[in-house]
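Presented below is the structure to which this report refers.
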Amino acid sequence: MPEKKYATDYTAFDQMVISAARMIKNTDTVYVGVGLPMQAGVLAKNYHASNCTIIIENGIVRASLFPIPRATDTLGSQSYAEQLSGLFYVNCLAQAGYITTGFMGGGQIDRHGNVNDTAVGDYRNPIHRWPGSGGGNDVMSFCGRTIVILEQSKRRFLEKVDFNTCPGYFDGKPGRREEAGLPPNTGPVAVITDLAIYSFEDREMTLRSVHAGCGVTLQKVKDELSWDVRIAKDLKDTEPPTEEEMRVYQEKIVAARPSFTIQPPGGRPPGPPAAR
Amino acid sequence: MPEKKYATDYTAFDQMVISAARMIKNTDTVYVGVGLPMQAGVLAKNYHASNCTIIIENGIVRASLFPIPRATDTLGSQSYAEQLSGLFYVNCLAQAGYITTGFMGGGQIDRHGNVNDTAVGDYRNPIHRWPGSGGGNDVMSFCGRTIVILEQSKRRFLEKVDFNTCPGYFDGKPGRREEAGLPPNTGPVAVITDLAIYSFEDREMTLRSVHAGCGVTLQKVKDELSWDVRIAKDLKDTEPPTEEEMRVYQEKIVAARPSFTIQPPGGRPPGPPAAR
Amino acid sequence: MSSKVMTMSEAISKNVKSGDLLFIGGAQHGSPSAAVHEIVRQKIDHLTIIALLANTGLLVSEGLVDTVLTGYYQLDEKRSYQLQRARALGKFPRFVEYSHFGIAQALQAGYMGVPFMPTRSQIGSDMLKYNENIISIDDPFGTGKIGLVKAVVPDVGILHVQRCDAEGNAQRWGTLGVDHEGINASKKIIITTEKIVDGDVIRRDPNRTIISGFRVNAVVEQPFGAYPVHLAGCYNDGPGAIGMMTSEEAYNAYMQAAVWGVKDWNEYLENLKKVNGPDFLDKIKIQNPAKSDPVITGI
Amino acid sequence: MSSKVMTMSEAISKNVKSGDLLFIGGAQHGSPSAAVHEIVRQKIDHLTIIALLANTGLLVSEGLVDTVLTGYYQLDEKRSYQLQRARALGKFPRFVEYSHFGIAQALQAGYMGVPFMPTRSQIGSDMLKYNENIISIDDPFGTGKIGLVKAVVPDVGILHVQRCDAEGNAQRWGTLGVDHEGINASKKIIITTEKIVDGDVIRRDPNRTIISGFRVNAVVEQPFGAYPVHLAGCYNDGPGAIGMMTSEEAYNAYMQAAVWGVKDWNEYLENLKKVNGPDFLDKIKIQNPAKSDPVITGI
């Protein structure tokens, strides 16, 4: 890898995708949903983690490179995969513990990493409805490390979500996931937004770094959270994109990013709704 | 089908296989084990039931004709099947109720159609051991109508089997199969031996016909049973093989019958042991 | 022997009844669009549908659906003309929500012929509060909590495939979504196929058969039967689906073109070519085909 | 990248340990015979094996097996020299008996990552009295009794296939027995293959992949790796297996020829040709091959 030279011309959104991609290791098997998770996965595969295996919900297991698809299942994301099967098969891989890393979006997220993709307010009489779990619950329930990527705003980052679609650490007390019957050694490990990066310490979202390089301040981060967030002792500025990362990101993601997702009538891409 | 002219030169064994084959209807889906069940299935397919579908345990679903195989899984029984999958798949077909007819052998059978393929005497300290259920329990548990084919002898036809490997009607009281959790509308419907044919009336083996054409007497049949068997009011002589049946049987089964089953070391054909 | 081969109209009218629970295959890939449009044309109602990213929205907007079993459905009425229309008709369906894997497991249990499937998905969520088909129990083998998803056994399953013989031995490739579980779980089965092939083609590749003929009730040859959804080895997504759901005007125009104004799917396809040019469908065909190496069987 | 490709000796010594629970694929079809012989050669003991009609008897007769999970096993000691020998060695294994489907379900539960599989097989039998891995409960959804078969998660799974790439993406066809469930349930995986093929062959037929490379620990190219068991598209049964188990003399002669007197399976195969003629293996190859039509993918 070339010597690190940091880029200067990038947005907070670019930082979010690139920071997410960095979470993927070369040896990982990564379950990616549509949207930002897919962009992070494809970027990692094109840059530093060319050996990682990408799992796509509809039955795709691929170790080989592929162009970023308009949706998760396209002829491009299917063709030349190492294995094609179905949704049941790839989720069994996950449930049995063979998917190291999950990437997902979300509607709301709370202090303990629980994600709501279902309803704002009361389920029976909601203020707003999202399309529901999709594969989100499965990813969060099964994957070794789950990384949530979503744009940060106060009304989406809550002390407690209105509806727990994809369980994080529930109320944060130890052992709650195991008590519920979720597989051991699973759960969210990071939240990556357009403002900051969070890890989980004692099952609580903890601010690790602020995207200072694109002008984000700690105050701005705090303003877009609904609770008094725990801050890591060694809080840092987020490492900016390197020039090389930005080059690959521009070429493989931005240039190929679908301007408009074509969908069949009634059909929707899988996974939770992208935060927008 | 040509006018019925009955054969004169046939054995009780021939009668057994041909009577079993007659149980298969053109619209049936038939789960066949190795040995006599396979011979009956292949004969039916070559004679009167050419449209029946044959299911073989290792994952074979075939509507097309095939030569009688030396074991259940051979390149001959696999090749040109309509569908190849695995043991799990074909047993799910059975468990979900899509296999109309099962054919199996057995070590011991009792008055209420329970079959023992496991042990004579106490399980922990047996007088004799058979190889166990194989697919026998699955066939008897799942198939719409199960037909048991085995050579008859007093020590194999018992009031009560020593070990219930493949459940018939348990103690014969109504509803026992449903109580145990077995699927509705299943269970043994016939036992075909080298001496006679039995059906089940009120869940009890009932003598329907004696192979009189090959010299079997009612007394001989009774001598080779351990209990005072129920006899149908309209007890008949078994319909002998027709000349046409015998011709096809000689050509497709006898001529092709393997003289010796080649087996891999330690490997065994599936299904319960043939009664011998 | 080939009495199973029939028109789409016959296949639907003979096998789909008011009140049925329908499995419609092709999650995100190769949905049986032509068959769904025929159900709309025949106005078969009070359906329960399993909607896993397949092309089923028209059934809802036409008021034909009582219940939707789903893992993901656009439930924001403000964004969904389909839901607005169902509401206006007084036919807003009941939604029963699972995760995607939950739907797959319910169908797997149906395919297996057992009453439920054990699961570790969904049991950590609030979905259990509102969906009585998912429960959490203590594992009788002592490993702690485990979820159970209740089996779903569709009355009718509809699958679109690349090739199928006249007996219904159907082969499908590319991503399979929940097609294997769903079609094998279904009591009655309709196969729509790009092409009816000789049985010999099937028998020289029997591992690819997703459902055997003895399970299949109807076979319909329907080229571009999944349009505008892509189908591996056949065609890419068509452009037709965009925007049709955003207004009453666009919706009505689409329904006139695709359902009410034509007698069948083939007439709709012909009209598409008249409007968009004779090469309209050719343009979405596979441009860079990859051919599999043959596999050998035989004796 | 291709660090997974190794010799049989390495694959076994690196991945199979004393005390392991082994899944050995190839029920009645394409068993990994060469791999089993290598385990014997390395005398890896205290094994638990899942024996579903696969070629595993030598492990028992050599006293390497503590427990056999089985649906069907020759348990009449009078007829089994293997069992007599195990008895004489003081290594008569414990047998845990299921039906065949029971074994398949235990492996299915392992593959799915759940603690059990619901079943209607076995629950009517006396097997439940002696096998604590099968129980009967009241269905929580209220349909009456239902059986549960406890999951089996093998430490190592060994599968012989027709083709596999250097990364371990393995493709197998013909009957699959319990291969799909068993190999996917296994923690560590050894693939032995008739031929290592280019990854492009795999990627042009991805629906045929039974296990993906990321799950596979070792890939061994071993022609005639299933001999004397048949393998679809490759060869028919060999004559070699008959009679070897009936006497100490025949057994010892076989063991000398196939294990102790040779360094590996290839040397055994070469010796077979020396004894039986250079065309000995050619004679069992497929004589009347059937080729599948290619399937198309691509964009």
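What to note about this one:
Letters are used for the chains, namely A, B, C and D, taken in the order the chains are written, and counting of residues starts over at 1 for each.
Please note the rule applied: a residue touches a chain if its C-beta (ideal position, glycine included) is under 8 Å from a C-beta of that chain, and two chains touch if they have at least 3 such contacts.
None of the values given here were measured: they were computed from a predicted structure.
Steps from chain B to chain C, taking the shortest chain of touch contacts, total 1.
Taking the CA centroid of chain B as reference, the farthest chain centroid is that of A.
If you average the CA atoms of chain B and of chain D, the two centres end up 29 Å from each other. Distance between chain centres (mean CA atoms), chain A to chain B: 57 Å. Here the CA centre of chain A is 39 Å from the CA centre of chain D.
Shared contact sites, meaning residues of chain D that touch two or more other chains, fall at 112-114, 119-120, 146, 173-174, 176, 203-204, 207, 232, 236, 286, 290, 297-299. Residues of chain A found to touch two or more other chains are 75, 78-80, 84-85, 95, 142, 183.
Contact between chains, as defined at the top, is found for A-C, A-D, B-C, B-D, C-D. Chain B makes touch with chain C in their complex at residues 29, 51, 53, 61, 63-64, 75-76, 78-85, 92-98, 142, 183. By the touch criterion given at the top, residues 57-60, 71-75, 78-80, 84-88, 91, 95, 118, 123, 128-138, 140-142, 163-167, 170, 177-183, 260, 262-271 of chain B touch chain D in their complex.
Note for the complex: chain C touches chain A at residues 27-29, 31, 33, 51-58, 60, 70-77, 82, 97-102, 104-105, 108, 119-127, 129-130, 136, 144-147, 173-181, 228-230, 232, 236-237, 239, 241-242, 244-245, 286, 290.
Every residue of chain D that touches chain C in the complex is listed here, in rising order: 109, 112-120, 135, 137, 139-141, 143, 146, 148, 150, 162, 173-174, 176, 201, 203-205, 207-208, 232-234, 236, 286-299.
If you check the complex, the residues on chain D that touch chain A are 1, 110-114, 167, 169, 184-185, 199, 202-204, 206-207, 209, 211-215, 297-299.
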